[in-house]
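After this come two complexes, each holding chain A, first together with chain B and then together with chain C.
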Partner chain A sequence: MTMSTNDTCLDLRGLKLAFGTQRVLDGLDWSLPAGRVVGLLGRNGAGKTTLIEALLGLREPDAGTALLFGQPSQALPDDVRARIGYVPQRSDLFEWLTADQLLAYFRSFYPRWNTAKVDGLMSRWDIARDKPVGKLSGGQQQRLSIIRALAHEPDLLVLDEPVASLDPAGRREFLAELVEQVVDRHTAVVFSTHILSDLERVAVDVAFLTGGRIALHAPLDELLESSVRLGGAPADIERFVKQYRLHPLSRDARAPVIARGIDAAVMPPATPAVSVDAVTLEELFLALTA
Partner chain B sequence: MTHNEFSSIVRILLSPWQRRLNQGRSSLLVIVGLCALLTLGGLLALVLLPRSVTAGRAHFFFVFLAWVGPVILGLLGWWMLASTVLQQNHPTFARLVPGHAARLRTALLVAWLLLSLSLGAGPGSCVGAPLAWSLMMAVVLTWFAAVLRWPVLGICGVVFPVLGKTGRGVLFADLQSAWLDHAVLVAVLVLAAGVASLCLMVQSGDARHLATFETCRRRLDLLSGWRWSQGAVPLASTGLPKWLDSRVNRRLYDWWLERLVARRSSPVSARLLAGLGPATHWTSRVSQVVLAPLVFGGMFAVVAAAFSREFRQDMLPFVLSVSSLGMLLAVSATTLQTTGQLQQTRREQALLVLLPGVPRGTPLNRWLGWRMSLDFIVVALYALGVCWAASALVGVGPVVGDPVPAFAVALLPQVAWQWRRWSRLSPATGGSVLAAMFTSILLGVAAVAAQQVDGMGYLAIGAVSMTAALLYCAWRWWRMAGEPTALPMGRLA
Partner chain C sequence: MTDPSLFSVVAGSAEPIYRQLVAQVRRCVAGGQLKAGDELPSVRELAQALSVNPMTVSKAFGLLEAEGLVTRRRGLAMVIAEQHRRAQPTADRIDLLRPTLERAAQEVQQLQLPAAQAVALFKTILNEQGRE
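Moving on, here comes the complex of A and B:
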C-alpha cells in the first residue's frame, strides 16, 4: 500500500510521560506526513528513545494521544502493524537465533515480505546467514536489524540511532538504501541520530527535542538558509534582531546568537556593528538543544 | 593499611546494602524486621518467663529462636556480599585497577572471620565450645560462597547429610572426636582451607578469568536476577550446562521453531512463545524434566547398589526423601524462575508486540498467565509422578511417611506465582526466587506437621491451600482486564 503525501502517518497530541519525578515528555505535539524523512535530534537523555517508544505504543503515556495512521498506538490493528518498521537502539536482539532463523521468524508474521531485497542486502552487506546473532559483530547486528525492518516494506520506518555501530562505508550503504526506500515506496522515516553529517545527507526535515517538547520541526535546507549566526555586542545584536524581526534560537546566553528569519529569501545584511554568518546544523543543534 | 585501602574495603563490605538502596527495594528491611522479631521474642522469653517454663528443652528452643534471626541475616548478608564481590571482580578491573583483587579478597576474608565468630558465639556461649561453633559457621559460610563460584560444590549439600545419615551418625561422631583430640589442627586446617577457597574465588584478570567471567555472571543473573550490568545482555539461557543447552535444548527448540515458521497457519501464540526465547520455552523443560530424575535417580541407584542390604534398608528411605525433594526443588525452581527469565528478553518483546497478529492488552495478559500456569502444572505433576513411581518402586516407607502428598500440597499452590502484574514486574531477585522455594518448603512442613499433630489429612490441607491459590489466580484473571498490556515485561516497574 503506497500512501499519498496528504496522509498523516504519525500524530502526537499533548503527550506527557514521566519517570517518577523526572518529566521526559511534557505536552509534546508532533505530526509527520507520509513520505517525509525526519531526523529527530536531541541531547543525550532528552527523551528521543522514550518518544519513539511512546509513539509506537511500547510505553503508555501519562496523558495525551499517539496515533499511527489514524489508529491509537496502544491498540494498533494488524494491518497498521504490518505497515511499521522499527529498528531499536540496540540491535543485539534474538541473539540465540541465526540470521536466517531470525528473518524466517519475522517473515512468518508479515503478509508482505520482499525476499529478493532481503537476499540482496544479506549478500551485499556480507552477513553470515547461519551464525547466531549473538556472534555477529555490532555493525552486522545493526545491518541485520535494518534488513529485518525493511523486509516487509513498511510505510513508516522508525529508526532509533540506526547507524551508531556502523563504519562510514556501512553508513553510506545504509543511507543509500534508505533513500531508495523513500523514493521507491514513499516511506515516512523517523530517524534519531547524533551523526549530523548523515542527517544532512538524507534528512528532509529535522525535529529538535528539548525540554520534553519538539522545539522546532522544519525542512533542513530551509532551516539552514533562514538561520544566521550573529556576532557583535549584545545590545547591538538585540537591536538588530528587533529591527529585522528575527527569532532568536539560542537558549544558552554563553553560546553564539543564532537567529531565524521569517523568510529565507530576505536575510538581513551585515552591519558594521553586527556580523551575519551562515550556520551549520551542529550550531543549530547546540543552540536549540541547550 | 592506608586510609584509602581501608575505606575501599569498607565500601566493598557495604556494597550489597548500597545496591539494595540503589534498587529501591524494601524486601531486605522486611527480612531484617522479621529476624529481629524472632530474636527479640527468644530473648524476651528467656528473660521474662519463669525459669520453670524456660528450663530443659524449652531453654534450647528459646536460644535457637534468638539465634536463628542473626543466622538468617548473617547467611543472607554473606550470600549477597559474596555474589556482589564476584560481580565486582570484572576481568578488566582485576587486570587494570591497582589492588582490585587484593581488596576484594581482604573484604571477603574480613566479613568471613567476623561472621563466623559472631554467629558461632551465640550457641557457643549457651551450649559450650564457641570455637567449634565458629569453625562450623566458617565451613558453612565458605561452602555458601564457593557454591556461587563453583556450583558443582552444591552437591555437598546433599552428599554430606546422606553420608552423615548412612553411617548412623558415625561421620559426625568422627568429626566430633577429631575435634576433641586435635582441636588446634582441625582449626588450622579449616581456617587454611577457608582462606584458600575464598582467595581462589577472586580472580586476577588472567585469560582464565576472562573465560569464566561471563558464565559466572550469567549464573549469578539467573540466581539473583540482579541487573548488575545494564550494558551486558544476558543470553536467554536455560541455566543448564552449556553443552547440554546447545546439544539438547537448542536442537529441540530449533526444530520446533523451523516447524512453526514454515507454516503460516501455525498459531500466533506458539510463534510468540518461541520468540520469547528458549529459556522460557517448553522445549527447554523437556531436557530439564528428563535430566533431574536422571541425576537424582542415578544418585539413588548408586547408593542402593553400593551398600549392603541391611545398610541399604536403613538408608533408602532417607535417600528417597532427599532425592525426591531435591528433584522437585530443581524442577519447580526452574519453572518458578520463568517469570524472572522473561525479563531477559524484554528488548526482544518490544519488537514482538509490533508484529501483526500478536495479541495485546487483556488477551495477552491472560494468555501469558495461562501459558505459565500450564508449563508449571505439567512439570509439577510430572515430578510428582516420578516421586510416586520411585516411592512405589522402592517399596519402603520414607522418613516421614509417603512424601508425595506432602510435596503435592507444597508444590501445586505455587501456580499462583504465575499470575503476575506483568507490565510492573520487577526483575526477579534472589529473594523472590527463594521466597517461592521457601513457600514450598513451609507449606510442605506445615502439611506434614498438621498430618502428624492433628491427624488432618493431606487432602484437606491440599484442598485449602489449592482453593486459596485458585481464588488468587481467579482474582488476578479478573484484574488483568484493566491492566496495561503484559509485554514488554516490567516496563512500568
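Moving on, here comes the complex of A and C:
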C-alpha cells in the first residue's frame, strides 16, 4: 500500500453550504485519520448526503475547504482520485450498459483493478453479467455499485447508505466484504447508514451530524463506556451532573438525560435519588441528533 | 485451534463488542472449555468470522493479555496462559454468573412474575440449549 505523506485522509475546514435559505452545512470541521472506519450518523435531512458530496468534491461549498489526502477535492489529481471509492445512495450506474460493459468502462479509468476480486464478487453475489444494469433489481444494482467501488482497491471508501436495498443476508455479506477490505488493506471508511447494528460491528469511530456540524466524533467503545442514562427528579439530576462533572448530551428537555463523563473508568455510582444506567448506540443517536 | 464459532457478538447492546469478547473468553476459561495452550483464532479470522472491525478484536485480545488470561506466542497467535489448566471451582463460576442473574431477577420483579414461573422458564431454556 502506498502510504500518504500525511496521516489524514480527509480534512474539512469551515464548510458552508446552503440551499436557498436552508443552511445544510454551517461551518463544519471534520477530519479522519488514514485507515480508520467511521460511522456518519444523523437524522433524515441532517445533510449526510450533502456532506458526502461536498467532501468528495461533487458539490461546491459556499465557503470552506475540503481536502482528500492533502489535495483539494474540487481539483483532485488523477492519482488521488484513484485512491477513493464511492458508493452513492442512489445508483449512478449507466442503465443501458450490461454489468460487464460497465465494469470494463470504469476499469479504463484506474491504474489498478482487482479482476479476481471483481469476478469473485460477481459470481458470489450472483449478478447477471450480460443484462442491462437497468434491468437488475435495486439490491443487485447496489451490489454492483459496491463492486465497482472496491475494484480499484481504494484507500478511502465513502459509503452513503450502501445497504438500503439489501436484505439482512445481503447486508451481512457486504459487512464481511468490508471487514475483508479493512483487514487486507487498512482502508479508511466513511459509512453513512441508519442501520446502527451494522455500524457497530465495523465502525471504530462514530460522528454525529446535526445543526450543520459534526457535533461529536469519538471512538464508539469509549463513548458507550463513558456515557450514562440518568433517571430521577430534574433537580436531583442537575445536582448529580454537577457533582460528577458530567456533560449532558441530550438537548431535548423531555428526553431521558444522557450524559458523558470525563473518564470512562470512573462511572458515577447511583444514589437513592438518581439512577445510573448504561446506554446503547441507539440512545446516544437519539440524544445527540435531537 | 479454537473454532471461531465459540464466539458471538450482539450489536445494539450497551456492552461494547470488545467487552463481549473478553467476557466470553473469561467464561470459557473459567468453565474449562478453553485450557492452557489452546490457541485463539487470529485477529483476522475472528474479525472475518464475526464481521467486526479487526481493531475491535485486537483490543479484546490486548485486554485478555493484560489480564493474564492469554499470552502471545511467537508468530502472534494468542494462547490460553499456562496457569489455566483446569476449570475454576464451582463457587467461582457461580460468582461470574451472579451479575447476569441479578439483572434477570430485577426484570422478573419489574414484570411482577411469580418466582416459581421464572425459575421454571430458566430450567426450560437451559434444557433447550443443552440439546443444541
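What we mean here is this: the second predicted complex is superposed on the first by the 283 of 290 C-alpha atoms of A that agree within 3 Å, B and C clash if a C-alpha of one lies under 4 Å from a C-alpha of the other, contacts with A are read in each partner's own complex, and residues count from 1 in each chain.
We take it that a residue touches a chain if its C-beta (ideal position, glycine included) is under 8 Å from a C-beta of that chain, and two chains touch if they have at least 3 such contacts.
Computed from a predicted model, the values in this text were never measured in an experiment.
With both structures placed on the common chain, the touch criterion links A:V204 to chain C but leaves chain B unconnected.
When the two complexes are overlaid on their common chain A, residue A:A164 makes contact with neither chain B nor chain C.
In the superposition on chain A, A:A128 makes contact with neither chain B nor chain C. By the touch criterion defined above, A:A290 reaches neither chain B nor chain C. Within the superposed three-chain model, A:A18 lies out of touch with both chain B and chain C [touch as defined at top]. Using the contact criterion defined above for the overlaid structures, shared-chain residue A:A278 touches chain C, although it does not reach chain B.
By the touch criterion defined above, A:M267 reaches neither chain B nor chain C. The contact sets of chain A with chain B and with chain C never meet. Across the complex, chain A is touched by residues 9, 11-19, 44, 47-48, 50-56, 59 of chain C. Considering their complex, residues 233, 235-236, 250, 254, 257-258, 260-261, 264, 266, 268, 271, 274-275, 277-278, 347-348, 350-351, 353-358, 360-361, 484-485, 488, 491-492 of chain B touch chain A. Against chain B, the residues of chain A that register as touching in their complex are 53, 56-60, 74-76, 78-79, 81-82, 84, 86, 88, 90, 92-97, 101, 104-111, 134.
Residues of chain A that touch chain C in their complex: 37, 172, 175-176, 178-180, 182-183, 196-198, 200-204, 220-221, 224-225, 277-282.
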